[in-house]
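Take this structure first; my questions come after.
In this document, chain identifiers A, B, C and D correspond to the written order of the chains, with residue numbering beginning at 1 in each.
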């Protein structure tokens, strides 16, 4: 069996999925400059090892936002998982549970958020897309609270889809029978019409987009800590912290929204620098190796999310695939920590990286 | 239909055009170092987004040189458009009109400049190649004035063709029936002969080339504001401004004249810096995405031209193609502005770019 | 015959070896970032020649750690050489002897270390992997001493295998009949079992890994000078020197253990700087040209090892292949020294390199 | 006909020449790092144009070392031209004469140096490889003087062949009937034998290599100005000037001797800086465009040589090919000068280049 790394799942997924779905999944915005840069900038980071360290007391346990993690890896919210496998998000949750991995469940899951939660004893966070109707947004929040989700991860970098040419060219549409079931009671959007001086983008789509005011409103409505996902600039990070947001996910949505954004990994240390050493930072973007997790931790992340690879593994082998993927990533991280001479997560600092 | 971006038109144009015409169109000078650099340097520029901004009052309207533009996009002057489609420049003008886009009409149009002007209610500028005969040059200027063109765009970077190896190798010649109809009354050039100490280039072709004196002369002859197209150095920009030229197009002619020039986008901020914040600057060179327009605006352009893509779209689908292309570019710009958090053109500044 | 450089042997070896063995040999860790960087960083170094120098008294003789070398080239320890050729390490030793080249014999040789030693009158060093059983480690050391090895090269950068995806994907396993014969009396490892809070990596594999204490212990047990192989950071180099280690091999194990380490050649000058001009430094990593040897010497190495190429040459043509390879490398070094104007090894300094 | 640039000749030459000869010609030393860098570093240089300049009095005439050149282009010494075409060096000389181009004739020409000289009324320089026998060297010098050569270009960067793997792999040998006819009276080399402590390189080949003493000796023997070809370091340039050498050719022999040398174009400005503005500098290395000539002039060269392309053109179309090539290069230079706004050679300075 030559399935030995996350990239092998990517390779095999191509064969297991209809082409349009594969393109939708793998693709980034426009010319994929950001998508490719996410990978390239991670690759450019080098490790400065300390040899001959005693690692027998080594371990990957860590604590973030009051929750215990067996290892600093989290499943990023990835929509529509039944596109990959009929078992959908529930299979992913089962795999996460088996491998003691936390999971962020997307608003756009294809299975009820309650059912997914039931399968997961690990940290489970709910990713919220704020809806135009505040009432309906609240109903989602309340269901998440009730189902035992412990954080609200509000995604703010995708008020509209971005330019997804690759999926468009492949003619991607959601297949019959796959839908965002948790939104099925969403009130229909008012039919919009535009006068010639107006724009479908600004006066249309963006009229549904959340603003800082909506975030402030949401803070009033829930006792769950709120995490903003998609922060990519120092200014927005400072603002989030200042208004009492519990933490942020440094991310460019895997290069899927605005193309030509910087790589998330190049913003991470600048944001860490700006928010101080104690503010919770989650990182995602092109993570597919234990060394990637190590690098993100060294540059200031508390937790690291993996996006597309979970989808690939799900497509190739269902829950088992995801479980195997998580095992591989975990072991790669442990091997990296051993060879770098950092037996504990707390040992991983910027001085373990090497700058030419 | 997989025609969803400007680059798709480029791809399809290759199939729709005879090879020699395609090569003529797409090619740059010599080894295409400048052509490729135009693209590469745009790609290297990154965007620094502000999230959660209210964009409901967003719009792309802008004013330049006293004219209102619905969006900061302009069609660059591109010669011989009947090479692409029998409907030629008139089709392009109709598309521009439909999409509320300005157009610069080339001296080397294949249809009468008056007919083109009639089809266009948007800002229309006339691109002038100064001719050896001053009288004939004046007659062109007067026709342009009379036809309602509002600016003279004098192209100064192409006194001779440059080394167009790609077109030469493909054996490009203007096909029967396609010609620069607006020059048909041009007085025949005097037959030149050279003694052995002379050069066909210097004493031949360059003897027809305009100089700063010709520009000064032209300023006396017309009430239309004059814009110099092809300025690529700080010194020439300063000189142009000092002598009362109304604005400049920062351009290297799409890499088609002298190879090994810098990318136009790398000169743009230096020229903006030199001429001050209020001097009108138009930009062109490899623009094919909304993000490209955004970047050029952020680096100091007031308007942004698109060259080859209009030709590709015309070749693939005539006026409809050009209209669709313009719609795509406009929407991409609006999407970029929304995701970057800059609802108005005036919000787009250098601080919305990110430097590693 | 088109076998004229080390890279030609690499090319031919691919045809001479079963695919899985070839992949095992040639591959690096994970994504081979370090493997490729080793080569790339050597390629980026440029030579600053002095012409018209008298080279008639030229020669490559050098002295390191009290031993005379006819040229500053050494065979790196490479395990399991019978994978390449039935004549195994003995053939390699015979070739080294013929070409007056030193050799480091691996703990994981496929032939008795005594038999290999017998075939070699040149400097012979023993590469030691410290074993979990101190007694057994000692027995190896004593056999090496008795067989006439003059140094102990303790490899410290491979306490576990690293992520060898390429070999895994090719399904590499040691073929029947090929084994680490010098370890055949090794006491069986205690069967380990883990509770759920433990890790196979940290509490399993790394429990056998040597630490600085083990090195200190070893220093008490042998009169042979100890050299640490695999040092890649300035701190570890300083520590090694401080505790009386005789010298170090600056190496990242040919990119085979932890991926994303810096290239060994970029660490070499920093380590030379840190340990002072007189501390013995051996270098390896992607050496396959006389110019590579020259560059490493100029950046501070006293001796330079070649790893994979010996294996390729052995696979292609046995002892003769290795001998030819060594002759090629030696001559390339002499040619380089002649054309750079450095007739003696002692003439090769950093000023013979050119920095853009 | 798609032969419109120097690179087209390279392409066609591949079809016109036996593979081994083509490989010999085109190849560089070892891994061709220097060969490729010569090209790459020229490509990276950008031009800063001045537009709207009056070029009607433009011309390429220049003076160097007391000789008038119609344009600053010179044919580099390239050995064994009958490999390309039976008409050999004489054809090249005829083409040079027709296009008013100077020529450096190689010691290793395949036709008598006197016959070549007869065909050339332009500046003709003799490239000298100093021979082991001083008498024979002198006889060559005297023949060159008598035949009307005006300079001695002593090549110093090729005392031995370098590692020419590409030619070796292709099995290149001089075909029957092609030889260095001007060396046919060379006294046979003494048969050398080496004791085991000696090296074929140092005590063998390098014993024939010239040193600074031989250059000093040669200065006594001839009234012709001596130019050193192959200087690539600032120190050697300073030394040459100090000892009264008339000028130097900044060159790395087209990347054919020692690999890993810097590009000649990156050394040129440093050497110009070191020797002052008036010392004659000739440049070669990867010149194949008018823009390349322009760049070298701007960085301090007085004349620019073209090597391989003359051979390609000769192979494809004999004297006519070389003449066409020279015309193309000349016109490209004139076009570049026109578009850059530098009508005279003396106008081409470093300020006409643009540094990002």
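In the analysis below, contacts are C-beta pairs under 8 Å (C-beta built on N, C-alpha and C of every residue); 3 or more make two chains touch, one makes a residue touch a chain.
Since we're looking at a predicted model, the values are computed, not measured.
Novice: Does the subunit B and subunit D pair touch with the same residues on each side or with different residues, judged by whether over half of the numbers are shared?
Specialist: Counting which numbers both chains contribute, under half are shared, so the two copies meet through different residues.
Novice: Calculate how many whole Å lie between the centre of subunit B and the centre of subunit C, each centre taken as the average of the chain's C-alpha atoms.
Specialist: Whole-Å distance between the two chain centres: 59.
Novice: How many Å are there between the centre of subunit C and the centre of subunit D, using C-alpha atoms for each centre?
Specialist: 42
Novice: Quick check: what residues of subunit A touch more than one other chain, meaning two or more?
Specialist: Subunit A, residues with two or more chain partners: not present.
Novice: Among the chains present, which pairs are found to touch?
Specialist: Applying the touch criterion to every chain pair yields A-B, A-C, B-D, C-D.
Novice: Quick one: in the complex, what on subunit C touches subunit D?
Specialist: Touching subunit D: residues 2, 4-5, 7-8, 43, 45-60, 289-291, 295, 331-332, 334-340, 343, 354, 356 of subunit C.
Novice: Quick one: in the complex, what on subunit A touches subunit B?
Specialist: 30-31, 33, 156-157, 159-160, 162-163, 165, 168-171, 197, 199-203, 205-207, 209-212, 214-215, 230-233, 235-236, 257-262, 266
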